[in-house]
């Protein structure tokens, strides 16, 4: 079973103390103080692919849209068990919206032979939660989003569980080849040791620029996108906890209201 | 020799033979002195003598699957007791590395290691926040950051825990106050500073440890200093003993520097503290590096303190279970933690203060104090905190 | 005409609350643009939901067909695409839910429409929508600019607007199922509830987390009751686990589990560094602690400084009321 996994490198902004500072263009962020990691959900997608490979054989190809520094993330996934990688990299790809990003990614998949495409369900930097499903449509594959359990049943069929709100699982049967967007928590990703990553550096990473994709300049980046992020702004949020005042019945009433408002009751 | 070499080589892979040689396992006479002294046997199935033996008999990969290899706190007791001069527990670190190479580590360990690789600290904290602790230090306007190439007497390495854990940050702050007060020519490293690798090595991640050694050696090489001073005994031990002499300048623990400053009358403990204090020897300062006297000397110089001694002290000191990567590996055992045993001992002696000289000891012992419900009668404090109270 | 489509969402015999929220938002937008709100309901024998939608919409397009008994994106996408192409709405709103994210991106590709996701604010400037969404886990916002189009598609964050009053009485139009044949390549099988007893706190959507402050094991049921009304699982600090009040796998922190719930309610937890490193993925953190200086308040979004034994029972009651 050959698997393609989409991986993305993102700045690690998970720590509540990590500040994201908007740069002078208003459309980018100051990256100098950030560290870069594999997108969380993609990490689970890689692990799921490696487990499927261990069980059913086949090869894993990684596809990544990103700068050279993203090789770090690719190598980590190679160390865990992926076999080869393609990185799409061109200045012109910047500011692509998710649909256009999917269009660019598709060009890397076009020449590949696969039974399954896995992506993380969401990227932690832009949060679009869109690329996998859009790509499936472009490839003409059946898809399922937010997948939290995967099992191959018989020839060319999978039984998958989509995790819904409240932890309910929606079980589906999907014909292969198909595309699944993988939810965090589907497995426990393994550790890639430093030595393993260094050994993986020997595997070649194929790079595709705009010309290699066969797309034109007008089809990618801002020009090729219909819904672009035009301007970042700093949201208004209080730094410290809002302390609710009053006696126990007042504070608990206030808290109950807040939780209700936030859809948490 | 307990096991015949020839027989061994027949049934072992070359990898296993080199493992045996690396840890000098054939030197073992199976006397059991190691296990006899191992403190964690009260809460774990770990039998270190048995492991040394089994490494000669069984396949290492199988042995590495045993969960007990993660129970060792690397307290060094077995090494001190071994009549043949072995470091028996190092075998367990070797076995841990098999698991690391396979990616089979607990998620908490994985996250700590990945964070060290990405951020230079195990806590998942951004490097950009490494120096945030330098704000608001009583009587200090600005913490001095050393510039590469510019001469300082003392270059200070701050333990990752002291940079980020609000409970430990006061240690760093008080060290700055001490250095300023004593007029020491010092400098901190700043954001470029990274994890020392002590816990990385103990968690069996040899490759990452080598990377840190390389990076840190290069980093220290860019500074002009006479000695490197560490807050944590774990960093101190690693820089001093595990960087293969790559750091050419003396490495010191802060207690050694402070003792010197007091002796030279550069630092005069003036204020008074009241009560009975008992000093808990951190394994990496005491058992591992024979620094026993300096911390006691400092405490003795603080007016008003009455110094007690644990029955198990110095070389026989009881481990608090903070080291050896145990920060990220919870013991399954429901038996009393060693830190709790320690605190009960302290209470029985009537101590009001348990003094430590290590961030990990501070965390584990203070936690144990709360578990025991001793907060009313006693407290746990690092020597730097006690000094801070009387400066 | 500026018609705004809202995709109604239902599951296991319930119209989901988010549908009312979205129709409310659509109503606000329609007022700005002078347009109409159309709810699109794909279901099987769900006339009751059609009636409910009609109270919030000017019109309900209702496709009643067994194929829509249970959700299946592979059926939804082509059916919606056809309805949209026929009816030519100006804007399509889909909830950013596990259903929405399974449908919307593919629909956008099919329609070749400007598309963005999980917007938190939206307005219509003349013909054109303008939207705000969050980036970097909510650390910054971004404004989305759409290129000119006949139809725009967005997914909307749940609870972006509260559901308003039912003020309309739209007409329910039953329309023929535009989908011919089967859903391509995917079949719904069944729903499976998370097995009881098997709680994995790293996956919990809500957590009530207890610490040494709850004092004794006999107070655990009080916390369980609070957790129950919230639909939350119970977790705790190492202190609570060490005391034997909770099993080991419920420990949050550096030597326990890293959790990422939408709600983390810390009760009687001081907020030690070793504990809070485990909750950095939590969305909303609420702390109840009697000590105003407890470090947990530095990590919390909302705090109550009071005796937990007073607050917890009161809160449990209040939550039952607002539910």
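Going in written order, the chains are labelled A, B and C, and every chain counts its residues from 1.
Note that in this section a residue touches a chain if its C-beta (ideal position, glycine included) is under 8 Å from a C-beta of that chain, and two chains touch if they have at least 3 such contacts.
Remember, predicted model here, so these are calculated numbers, not experimental data.
Under the stated contact rule, the graph of chain-to-chain touches is complete, every pair of chains being in contact. Every chain gets a centre from its CA atoms, and the centre nearest the mean of all protein CA atoms is that of A. The count of contacting C-beta pairs peaks for the chain pair A-C. For the pair chain A and chain C, the distance between C-alpha centroids works out to 20 Å.
In this assembly, the C-alpha centroid of chain B lies 46 Å from the C-alpha centroid of chain C. Each chain gets one centre point, the mean of its Cα atoms, and the points for chain A and chain B are 38 Å apart.
The multi-chain contact residues of chain A, meaning those touching 2 or more other chains, are 14-15, 18-19.
The set of chain C residues that touch two or more partner chains comprises 280. Residue positions 107, 124 of chain B each touch two or more of the other chains. Within the complex, the chain C residues that touch chain B are 212, 238-239, 242-244, 248, 251, 254-258, 272-274, 277, 280, 295. Those residues of chain A whose C-beta lies close enough to touch chain B in the complex are 12, 14-15, 17-19, 33-37, 80, 188-196, 198. The touching residues of chain B, counted against chain A in their complex, run 100-105, 107, 109-110, 113-114, 117-119, 124-129, 205-208, 210-211. By the touch rule above, chain B contacts chain C in their complex via residues 107-108, 111-112, 123-124, 164-168, 326-330, 332, 334, 337, 363, 367, 370-371.
Interface of chain A with chain C (complex): residues 11, 13-16, 18-20, 22, 29, 97-99, 102, 121, 124-134, 136-138, 141-146, 159, 161-175, 178, 181, 184-185, 225-235, 240-244, 247-249, 251-253, 255-265.
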